[in-house]
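These are the structures, in structure tokens.
Same chain, two partners: subunit A is paired with subunit B first, then with subunit C.
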Partner chain A sequence: MTTRFRRALDNVTRVRGVRGAMLVAGDDGLIVAESLMEGVRGNAVAALAASLHKRFRQSMDAGAAGAPHFLHLQGDGGTLIVVPAPDGILVVAVGDPNMNVGLVRLEMLRAAEGLT
Partner chain B sequence: MTQTRAVEAWTLRPLERFVAEAGARLTLLMTPAGQVLAQHGFTRAVDVMSAAALGAAIVASSGELATMLRQRQFSALNHQGVEHGIFLGAFDTPRGRLLALVVYGPDSSVGLVQLFFEEFVTELAAAAPAEERGKAVLAADFERELNESLATLFGQ
Partner chain C sequence: MASDIKAMTAELARDPSSLVFLELGEALRRVGQLDAASRVLVSGLEQHPDLIGGRDLYARVLVDKGEYARAAQVWGTVLERDARHVGAHKGLGFVSFRGGDLDGALEHLELALAADPTDQSVISALRTVRDAAQELQAEVAPTDAGEDPLFAGLEGAEQGLLLVDDRGRVLGGRLLDRGGREVSEAVAAYLAGAAQEADRTARMLGLGEWRWIVAEGPEANVYVTPPTPETLLLILRDQSVPSGRLAMLAERAGAVARAWLEGQRL
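So, the complex of A and B:
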């Protein structure tokens, strides 16, 4: 993993409650870089999060709402956040249900900006 | 309506699940010799036969390349096109080694196909009967069996 990618992910995973963060190729659903706790199925999260982002993008296009900047899914057992970055890369984070979403979002947006 | 059909019934449910979850447009399940066990999405027998032969040839060729490089055989190959991608995977089951050729469109991705392919392989391995050994292939039976298989695959 390049230093640039590692630094981008480290700032996200440093937030309390985050179980892992990844850079994912949006079109392919494949992991570009990852920093995950044991037990997180990275390839499954990457593939499904990329698919989800694609569907949301299509839905928003259909509604003339532009491209999504931030996806936040809240479940009983955890949280999934997706932030699109330039060049079709997605910053994806998974965490506890009570993690600080605002702070994670901030770090993910910074990570996405840092990839330009 | 696109249909999933199987020559060997135990392959049908895993294939239907895989196609639905991975969003595959076309899928062919076959032996390394190109004998088709099940298919999804093909409408013409000639396309199935061509795709099976070409898929089996690609796996055989890449296998030889792996041998030349003194590596283990490649378990999966992916050809990414502009509109469609082709995923070709080989795996072992109690029925013997099998190949799957999967064509997916822009509504799916190689990541999704890979993800659900792992589950597909697990389900097939669990459902597969033991391999039949020592069964002689007779020329007289070959054409009849081929025609029966094609009739099953296309519901004729």
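So, the complex of A and C:
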């Protein structure tokens, strides 16, 4: 993993409650870089996050809302956040249900900007 | 055929780890003994969990039994091991199409075709799904705007609240784009697939039951939540409405929707 990618992900995973962060190729859901706690299934997170983002992009396009630049799925037992970066890359974070979403969002947007 | 089944059953009884369970499962499926086929395949896959051909066959048996959600789960595990597995993409294409998720069906069938461009059954299925998608698109037409009675009195009821069933059909409410064009049907059709994906994502990643999704776009923010297990509520607002406020609106609209749905059942 390059230093640039590592730095981008480390700032996200440093936030309390984050179980892992990844860079994912948006078109095929493959992992570009990852920083995950033990037990987090990277391949599954990558594939599902990419697919979910794609589905919501289509829904929002149908409603003329434009492609989502921030996507937050909240479950009883956890949280998934997806932020698109340039060149079709997605910044993905998975964490506890009560993690500080505001801070994670900030770091993910910075990470996405840092990939330009 | 019956004697073959008998011979294969005997062989499997002698050696429970034998790979003959695959052939036996397929033979039982062909003669319509679906429960027996299912038992044989489950037992065989316990011995050979990495045999993705066995999982694919098991999923097909589940489809024959009408257990579509379970079949989709099994094909999902096949794709985790082989992302280009043609059978799994074909199967998921069929299950998606059957559930009204045309977009999901197209996606899987296109991936199946990419993996095997010569498969005529995939080409034929793709044609069917594309025709259905075109028909759906043709049904979406501009209409006059007005407040929908379901959400009457709620903020944005005339243009930014939509209640949809889990097969992508509008139950109530209305969505208009910035140009005033009604987009309810189109959004509902895509939303059903997106919600199924949210459910699958939450389940497979151990996130529990999904409660809501917020998506922020350049033109508007969207909040989606299931007020009941069979329905979806969507709120669309411009960017000036923060996500916390969307959550409050969703809570009120969700209560209205539940009351309305309860009334429909009486």
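As a working rule, the second predicted complex is superposed on the first by the 116 of 116 C-alpha atoms of A that agree within 3 Å, B and C clash if a C-alpha of one lies under 4 Å from a C-alpha of the other, contacts with A are read in each partner's own complex, and residues count from 1 in each chain.
The rule is short, and it goes like this: a residue touches a chain if its C-beta (ideal position, glycine included) is under 8 Å from a C-beta of that chain, and two chains touch if they have at least 3 such contacts.
All values derive from a computational prediction rather than experimental measurement.
For the composite obtained by superposing both complexes on subunit A, the positions of subunit B and subunit C are in clash. Of the two partner chains, subunit B is the only one that A:D27 touches; subunit C does not reach it. Applying the stated contact rule after C-alpha superposition, one finds that A:L48 touches each of subunit B and subunit C.
In the superposed model, more residues of subunit A are touched by C than by the other of subunit B and subunit C.
When the shared chain is aligned, subunit C comes close enough to touch A:L71, but subunit B does not. Applying the stated contact rule after C-alpha superposition, one finds that A:S59 touches subunit C and leaves subunit B untouched. In the superposition on chain A, subunit A positions 28, 43-44, 47-48, 51 are in contact with subunit B in one complex as well as with subunit C in the other. Within the complex formed with subunit A, the residues of subunit B that make contact are 80, 107-112, 114-115.
For subunit C in complex with subunit A, the touching residues are 79-80, 83, 103-104, 175, 177-179, 183, 186-187, 189-191, 193-194, 197-198, 200-202, 204-222, 236, 243. The part of subunit A that touches subunit B in the complex is made up of residues 24-25, 27-30, 43-44, 46-48, 50-51, 54. Those residues of subunit A lying in contact with subunit C across their complex are 28, 41, 43-45, 47-49, 51-52, 55-56, 58-60, 62-80, 94, 97.
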